[in-house]
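Labels run A, B, C and D following the written order; every chain starts at residue 1.
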């Protein structure tokens, strides 16, 4: 072979016998196997010290909350363990506002209930609601956003207008109204927070999908006449899901704080309930010591600290996943 | 298109959103069990059950929903937000009295947030992956993770009650006085922390991103000192992405104000809202939620404007 | 079961412990070493006397109101107790009540029941006019009447229907009826001469008569006009004598009829509009010792001592019953009162501690104890009208319906640990209920001493009595444990704590299998109870309802709101529609208030009540748990503060009331 | 001496994956007004070299060793004024330190002679010095002088008789800053990214002018406008206030050139100035660049992967591969007589005018990762003529002074280590042979 430039001709630069390597494809968008993404997350998580701490805390809190008291579903005991030293609702297992001691690690509250047990069990409400809400909200949000982003056109604009509407409400305020009007309890709270929470997922996934949509393999799949569903669920969503995962991890914390906030406002749970926010609400009076009184700090410090610890850990994990997938999701809100 | 035109268009565009907000809220109120009369009767032996019908009649609660809504809407457009039945007050009067308090609080929160977040973010970005960065990262994470009501309680218990550095009661010296500022600090910090943490994170990320751009190298190749390069070239670009997020944060700030007002007994709209909800004072609830909607819409609008001021590429879309 | 009992026994022992530890903990931070210092409520109950010569004039009192704003400046339309706390200082009444709840003449020089007739609605029939209801909402007609007029009675035989004429008695016809001598009772009264409003207008009979107009169309309309018939000024509008007429021979009329007295400029202001926050000119004007000086939504309300207080004009010596020292001041000592709105109890406590406020009430019990034991603060306490009660769904349903049997209700009542509730939850700041009325309301409610009333054999037990309860259940012949539920509103910590104790007790007895439920906050929960079928449902679930009430000086108020069918689905009769309770019981209750005999002679009425109370206890449709103790906490700057049994009067009474030579001054 | 001398420059990046030797013992010189081309595929270390000249290598990158000397008398005098304490006069040192002194110094610091010249055969300091293979000035340039304590760290301004220069690598940041954009300026690969989107083009030019020539705003603006006009932006006056996104790609590139010229520098480093542009604009820009640099007699270091571009602009060329120079030559000679197979490879991948083939002949495979460069000759994996020897033995630069000045290549071919030799021929249309097919034994 030979090439020329001007008058120069080169011959004898034979490269054919060199084994052909395929051209460097790093810069092209290729189909990402979702698994690989999970692997990336996992690798990152186990390598990052902060993340490990976070995971440990979350797991420990979740497990202890689960094992704190036996759980019976319609008479059948599904969880026999009882790690909590006392029944969290039992009054007068100790004196009124006893300081932390070996018998009551976190002291007792105004009714002589064991704070440690209460705080332990308290995890159940916040954590479970946090997880359930995130699961439901993200599922719905992803479907909504995907449909909107994938089909575009008037479908998109209609769906998005509605989204603007949802975003015009401050999440917590809307949740507050919902719960206050329609009553509290586990499922109502879940419902309320899903209703206010799904929107951000929808927005994120839509944005991603608009990007992914244009990639060759999608166009290819379409060209091959794949059905919209399969294109959407096999090819698009798996590649657009990354930021959703980050948002999800980060928002678990936000939900937990939100739930606690309602509890603190006395909305959502009955006062006796050992839910973190509700405990705080119940013990607010301890801020008033009267003249010469002493401050029963443990009554307000520990429940709040638990919320903080859990959410902090969740966010540390989310932060790391965020780096791992380097999506720039910035979870808005937090702090209640 | 001119900036004025742009703003006008945006405001017009937001009208349907706000109407939607009011409709949704109104609908919720209608779906909810019990109305203001039920609550008055329930809570007050002086109001006899037989009165219910008469009161509903008097308050026009017997009219069909759409009629009630239209009446209300008409009122809103003429600045009359309707009556607060249980106390036969004008909702507008209450809003007029409470709104400034809340705005003051929110504003202070914002100032605090920005004062902490921007420098913090810059510092973190410049010293990326160094100690300073980690510190700011931990601060940011904590700030986002700490429940503001608890933070408020702790600040109050520690600084207002235990150390007694701050007042626990409105100094009653008027909105703009030193005592007032003093009284503002704790709630202000409480409400601002989450926002500042969020901002700081974004500031850091976006600045760190910008620093790796080629125009930075180019600027340095011109012989400009690092300082100039960062504070002139990088900062402005990073602020672009910050503004959009800042707008979102307003929503969380609004939510925050509800909680914080309760914690510190701040006489603002947030607390008013909670009571209104408990009393089913529909008009009050409606106008307050609508107001929050307005605030958020305005915040986004403002963000877009700032965005345009910062980024000429957007400006052309005005 | 055994184990359960043991654990309960343990708990019981520990519970007793709480009060002690509570006190010791308290002692620990007060007077260090000796742990014996217990909360002694008694010295809080003692009156703080004032040395007249030591009284200091002027000063500004900071008063903490447990609210975040005035609900309604228009007293005619206001229904919030906290509003009254303020406006009691602005409006004086025809009568006033002393610290024992006994009423004395005040702006009225004379005022007494005169003539009573036995009349019924039918007797008014001849005066009634035919009128077409404008509209009819669930059986309640509304008419198109001119201002200040309303329908007082409708003919029982006429079913209200839209467009269908029906016979009604409006205020106009009421006047005619009264002229012909058709009325339930006439109260004759005479105002002191020379009483001036803050605006200088003199109070005449016209003010009394016209003031009623203001209640037309107000939230309180029903309450005012269910017994009021007519008012006249025999000596003409600018005379001083007035006559008040009630629809029936009503013993309560004496207390119920006198209106808040408004100046002529406000006669025609529609109810609710008298609010300076909405209209700067609409400032409440009364004859009380204080006038409103400055106000600002929520954040501010300043009261200033008026310079033309009527007592000075009239002179103490001219107040018929006054027998105190003649050098006792004729107006309050304190110049200004700054109302601080602090609706968070912890906030009030802190404000008081920091010296930001001088008087606060409704404090967290622990904080209050500390103030009480502190050198620099004082707590004043007084038995109050407020009470908590348990109401049983008496409907006999196939499922549940246990409370249909009075023995079961009595058994529950027998097990309520009333003393313990007061000791533990109220830390002693309360009064376990023995009699069905509180001490301050007993003046008109019994011929005996209150102590005697309390020690009747039918009286509620303060210590739980399992044997009695068991015996009762025997009679009922129900299989035990009886599954019952105690329900209360979710937004009242103390109430829930109290019921926790009740439930524990019920379970411990082994007679009941009890459970505490807190369905929702007061408003929502009661709203639920009013829904159709709620009553039936509660009966099936054996769910008793527990809430609290403020109470009134008139003994009738208590049981009327709890039992009377007219109050069904209102506050606070959840379970007793027409016919749910024995006719004779209701009649007996009514006869204690309505009827020529009781209306004309208070003593007859007292005896009537003494026959009624055992019935209440025996019926046990409502069981009273405890009576509250009103407490007010003050800093040492405040001298002579005493708390009034009626929360509404807490401020007004403390400031100035010759009845007990009550006066408070500031010593800074 | 030359205007710019780069000697033995080594730059490493300490990444989490490992240490990347981006530039490895690179040496070259550029004379005043000379157009010097640096050619190689992406990743050859061209841009790193460029940034090193401006000392703009940011962590994790680090300039390991070597020296960069900038010999512009005016600049030297200017800096000398602001850094009086940082001057060395080599003459004085020569007088002060005779051979013995030096030797003893060496013994104290015990630096093995072999380190001095990268030549294992020189093992005795005494001889080396005697042989004159090593002068005090070399010691300074190679940084030994500081190790030996002859001069102190800060001394970066060097006088040697009538020669004077600045040692960039030892100069304090501030000093270097006064050179950046002023004496040595840079044209970036992609004008679009090199321009800050949020400031006007004019401002971005003017700011450098204000900074270096301390003009006031108005003057700076005027000059900026002139420059814009000069680089052929129509109606520059009004374009001054335009933002980058309002410029076309070509205009952006012109603006960047204007920026580079703003303080009429002595050297312009043009890093792939035309890759982002289409062929026609490319040509225009190159002409412009040539014209202007000729006019101001500015030296240019043109970095590109395209030998064609080099041909248009440059006098001399250096071909880089895997961070190392593999061939240096005057542009003509490189074309007619390429010595290194890589060069040949590059040439064979030049697009030919009227070339009808779909795909160009490129060198198969990619640049090796610079963490573990292949043993022996780093090009051997892609070299059609590679033999066993290439895997074992690392070739050294062979000078062809016989043929022309500063002509060298780095291939075992020229150290007679190849059995087969390289089998390519460069011919010209008229079939006249430029060179014989070179093969081991026949050479030299």
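Definition applied: a contact is a pair of C-beta atoms (placed from the backbone, for glycine too) under 8 Å apart; a residue touches a chain by one contact, two chains touch by 3 or more.
Keep in mind it's a predicted model, so treat the numbers as computed, not measured.
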Pair joined by the larger number of C-beta contacts - A-C, B-C: B-C
Chain with minimal offset from the mean of all protein Cα atoms: B
Length of the line joining the C-alpha centres of chain A and chain C, rounded to whole Å: 50
Length of the line joining the C-alpha centres of chain B and chain C, rounded to whole Å: 41
For chain B paired with chain D, centre-to-centre distance based on mean C-alpha positions, whole Å: 57
Chain centre separation (chain A, chain B; CA means) in Å: 23
Contacts with two or more other chains, residues of chain C listed in rising order: 344, 347, 350, 521, 524
Per-residue multi-chain contacts in chain A, two or more chains: 284, 287-289
Chain D residues within the chain A interface of the complex: 307-308, 311, 335-336, 341, 344-345, 347-350, 352-353, 355, 360-361, 363-366, 382, 384, 423-430, 437
Contacting residues of chain C [partner chain B, same complex]: 68-69, 71-72, 74, 77-80, 135, 137-140, 142, 217, 219-223, 226, 271-273, 275, 277-278, 296-300, 338, 340-344, 347, 350-351, 354, 356-357, 521-524, 526-528, 530, 549-550, 557, 561, 566-572
Residues of chain C defined as touching chain A within the complex: 11, 14-15, 17-18, 21-22, 25-26, 28-30, 344-350, 353, 363-364, 366-371, 373-374, 376-377, 490-493, 496-497, 500-501, 504, 516, 518, 520-521, 524
Residues of chain B touching chain D in the complex: 213-215, 217-225, 233, 236-237, 240, 310-313
Complex contacts: residues of chain B adjacent to chain A: 16-18, 20-21, 24-25, 28-29, 31-33, 137, 141-151, 153-154, 156-157, 161-162, 193-195, 197-198, 201-202, 205, 209, 245, 248-249, 251-252, 254-256, 258-259, 262, 273-274, 277-278, 285, 289, 292-293, 296-297
